[in-house]
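Pasting the structures in now, so scroll down.
After this come two complexes, each holding chain A, first together with chain B and then together with chain C.
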Partner chain A sequence: MAEEFEPKIVAFLCKWCSSAGSDLAGVSRMEYPSNVIPITVMCSGSVSPLYIFSAFNKGADGVLVSGCHPGDCHYIKGNFYARRRIALVKKLLEYVGLEPQRFQMSWVSAAEGIKYTQVIKDFVQELKPLGPQKKLRRIQ
Partner chain B sequence: MKRTGIFVCHCGINIAGTVDVKKVAKELSKHKGVVHAEDYVYVCSDPGQNIIINAIKEKKLDSVVVACCSPTLHETTFRNTSKSAGLNAFQCEIANIREQCSWVHKDMEKATDKAIRITKSTVQRVRRNESLEPISVPVTRKAMVIGGGIAGIQSALDLANTGFEVILVERAPSIGGHMIQLSETFPTLDCSQCILTPKMVEVSKHPKIKLMTYSEVQDISGYVGNFKVKILKKPTYVDPDKCTLCDECTKVCPVVVPNEFDLGLTGRRAIYIPFPQAIPATFTLDIKSCPGLLPIACGKCADVCEPDAIDYDMKPEIVEEEVGAIIVATGYDLYEKELLTEYGYGKYPDVLDGLQFERLLSASGPTMGKILRPSDHKVPKEVVFIQCAGSRDPELHCAYCSKICCMYTAKHAMLYKHHVHDGQAYVFYIDIRSGGKDYEEFVQRAVENDGVLYLRGKVSKIFEDNGKIKVWGVDTLTGKDIEIDADMVVLATATRPSKGADELAKKLKIAMDKDGFLAEAHPKLRPVESVTSGMFLAGAAQAPKDIPEAVAQASGAAAKAISILSQDRLYHAPTVAKVNINLCTGCGMCVQVCPYDALSLKDGKAEVNEVLCEGCGTCSATCLRAAIQVKNMTPLQVNEMIKASLGG
Partner chain C sequence: MVNLEELKKEASQILKEGKVKYIIGLQSSSNGLLPVPAFIKNPEDVEKLVWNPACVYNLTLFLRDEKRRKAKEKEPDEKPVGIIVKGCDSRAINVLLQEEFIKRDDVYILGISCENTGVLDEKKLAKKLKGKKAEKVEFGEKDDFVITTEDGKIKIAAQEVLSERCLECKAHFPVIYDVLIGEKTKRNIENPFKSLERIESLPPEERWKFWKEQIDKCIRCYACRSVCPMCYCDECVVDTISFVVTPDTPAEEKAQKIKWLEKSPVSSENFVYHFVRAIHLTGRCIDCGECERVCPLDIPIRFLNKKLEKEAKELFDYEAGFDPDQPSLVSSFKDEDPEDFIR
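Our next item is the complex of A and B:
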């Protein structure tokens, strides 16, 4: 039997909420799939659309952007900008033909270790049937 | 090309148990630019740090990556280690392979692969890190305390007695908070007013404390050490310097509204003094209930005021202050009546909440300390106390334990028995939580000496029947149904964050937890700090607390504030935004999105105020030309990190 497809995911986590939430998942020893490579950024608002395109271009099968809950941003309103920007990026990605499930945004607070775990589990499950992402991958 | 050194920590078996640390070091040693890679059992230990220091010196490293626990734990440690070896602190970065890797995976091969990717990605980042020096800013040696309850009073006094100026802001007309409403306090049965009023007087007389009652924080800007605050001083329409407290005005005032201090058990006039020992000792004209400030509408109070203290032309005033640290002590409110209708709360006059019962017990209360039913002023002979009314009820109300209710219910039942010797007190409870010095003994005293009957179970129904309040419940220890014909029911309603605390938290940019209490920076190690530096938490604003805990936290918060105020200068992270003048077109989009007003346009180009900038990077993601970037987290660095995360 062929080995199950393991998607590669890049997750941009804001330092104050989602990265802290993923740390809490660690402290609480909550297991989740190892498909995600986290990149901690200061704020979800600092995630440029170019980062997302770059990740898909370099072979990511899925990209996650996770920030503080709307209204709870450490930088007051950075995640509102993230939300708007990401809605546009999502539309653009769909327009060029990328499966919408490949790009997700979540709100995970520093207290939500369980939620972070669930977000990753769900994301990996959703990506598995899609197979490798080829649409935006740079041709080697 | 930089010369990077890699140090992979085993953390005992915390990391080495699931990540093949030797393999990580070996793989990284092959990575471009890495001139040193080794693993060690505890890199944070003294010998571990010495390994880093020696490697920096011997291999002439110009950058360091430590693959270990979360940067929230040891980033400072390793940056200081690198600094002590002559490296710039910002040439050291942490790869989190514990919380985000070894602790959450079981498959060694996969976890090792992920750890390698995380570490490589961090190497790619540090390769383009600039050497930076912290930005130094002066400190305003003054503090603001928000909330004049026991916690705020304690913080203000501690700060002032250390020699720092304090502004104490309270939104009500007097300081004192909820503690001044209480009758006696557990477990000693000290008279609450008697132990609090000396502190209130000390506040009012203290040369270092500027007391601003009937005032609210309206706006706040700045950063730790240098906050700018706008405080709205609401008009009281009474000049406190002229007012002689003769009380003539209340005799003529035609308006009666529920008295907040007695929780609606009595009325007050539109012009009133909250309670006799109020600080400041003066009257306040409540404009919401006053028929109007024009003499044509009423004007009776001004007519009778001999010292001419009443001034209808008083205007709201905005006071601007600069402070270096802020303590938030906004306290609690009880669970809203409208949300707790199942116990007849708000429907039957003899179903009271804990604070109302405190007022009935209080020697200065509406009944002068006699326990009488609000409905017919008769002495209640059977009183049912219900604990966890709204607490520990995740389906319908609050999931958390309000913590103080077990103790104050024991106190209520005990004091009731002290007042009404032939009465019977019943307490419905889920568990008794009496953790605290002398607390368990206090509960036992209520049971053994005062014959309070504790019934373990919940109340299913409360209804009025023939002048009595019928309480149906169950005693789960005997399995029997209980029916009590009570004269009075007292609910230990849940403790909630005080009303308006959420709006204040937004203004202060401090976080709240899921229940609306103010969030501490770390639940165990930083319990009095908020996530925003320079802002501290005290009292029940952070979580339900009794008086000793609130006082302890208030003193802790004051000490934390003093550690800022006693500095000559503070240091601010230098990882701030930087503009590339050649690329900037002066479109101003970054200026608009900056949450800190740290950006402005100067001569058609964006300019960063490095002191205000927090380095969030929202500007950088907004700029269409990558003309503004956050130092040490530039798009180029992120791009390299993505590449390393996905490579191979």
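Our next item is the complex of A and C:
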């Protein structure tokens, strides 16, 4: 039997919320797919579009940027900047023809371990039928 | 119709009065239709100045060089630089002012209104002339261009040979100026993003095919970067590709100089470059179309910038270059920014 495709997801998680949220999911022994490569960043607003392009370039099948809910940012307004920037990046990637499901953003607070697992589960579910991301990947 | 004599008069006057260091304008070239940039210091030389539909250049590019030159001088001349701008170029000045790259006192702006015309698209003209070589292009009496070929003069309606960006131009008169030449006429544009529809209407896979084909052509000559008045970073992210890592390279240096993309002009690396370029110009690009014009491989780079311009307008109601005092697109936000894409 052929092995099922397991997508590789690069997740940029805000140190103050989503990263703690993923930690909570882990500490509470919730089950969720192990396809995520988490990268803790200081704020979702610090995620440069270049990180996202670079992740796809280096072979990510999906990229997730996760930050605090609006109004909860540790730096007061970092996630508002992120919201604007990510919207533009998303539009650009869709415009050149990348599947819109491959790039997602979510708000996950430090208390939302369950939501984090749900986001990852949904993301993996959506990526599986798409197969590996070959469009922007560097050919070795 | 643009009055060249008036332009020359104003230019020589400000030079005589010593208001400006020099004037950045255009003079006719010895080869081809397009003029070449002129840097005029003496009032006598203003006779060299030209203004015709082939003046496609965005001269604000030279403000970047001027700033760098000034930074190196020990006792810089603090007088402003005179610059001749069209509507689109004046918006570029507005963006540079907004970003505090230049100060208002650094420039003396001679604004020229395109009125009902604009600049020429060389390719459209070549098609129109069917192989005949145009020697000279001038503004006609009304909204037409007078083109001199080997067979004599012909008149062509401006609309037929205008570059695409001029047909979609929102303000074809300078929005910031010290002296205005021509009139601020109103022109109705039904859809300022009409040319985009060609690509947007394609299904995603077709769109991917289109862009892959285009971006694959890129040879990474960075002409688009060099010609862009907004690309003024001292260090560009794509330059880190020349960073060599040896066993002796210290960790700090490696951390500072990340090799984000490879030098080789292959599809994946080209995409990163063009994405970065497009994102970096979001809310800053004023659609002067220079990147596309200089591209030796005719990649429709403008469509990347234009798309993001459209999204900025539709999602955030933001237009670049109209107000030097507004906060920039990505360094501001509104509470009601869309977030329906966020889980």
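What we mean here is this: the second predicted complex is superposed on the first by the 140 of 140 C-alpha atoms of A that agree within 3 Å, B and C clash if a C-alpha of one lies under 4 Å from a C-alpha of the other, contacts with A are read in each partner's own complex, and residues count from 1 in each chain.
Following the convention adopted for this analysis, a contact is a pair of C-beta atoms (placed from the backbone, for glycine too) under 8 Å apart; a residue touches a chain by one contact, two chains touch by 3 or more.
Nothing here was measured: the structure is a model prediction, and the numbers come from that model.
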Touching partner for A:V119 - first (chain B), second (chain C), both, neither: second
Partner chain(s) touched by A:L50 [first = chain B, second = chain C, both, neither]: both
Touched partner set for A:L136, first chain B, second chain C, both or neither: second
Chain B versus chain C as contact partner of A:Y81, first or second or both or neither: both
Touched partner set for A:G97, first chain B, second chain C, both or neither: second
Shared chain A surface residues [contacts with chain B and with chain C]: 49-50, 54, 77, 81, 85
Complex contact set, residues of chain A against chain B: 8, 10, 16, 19-20, 22-27, 29-34, 37-43, 45-51, 54-55, 58-60, 71-78, 81-82, 85, 110-111, 117
Chain C to chain A touching residues, read off their complex: 199-200, 204-212, 215, 237, 260-262, 266-269, 271-272, 275-276, 278-279, 282, 304, 307-308, 311-312, 315-316, 329-331, 333, 335, 337-339, 341-343
Sites on chain B touched by chain A in the complex: 70-72, 96, 98-101, 103-107, 110-111, 113-114, 117-118, 121, 506, 509, 511-514, 519, 531, 575, 593, 595-596, 614-618, 620-622, 630, 633, 635, 638-639, 641-643, 645-647
Touch list for chain A against partner chain C, complex: 49-50, 53-54, 57, 70, 77, 80-81, 83-85, 87-99, 104-107, 119, 122, 135-139
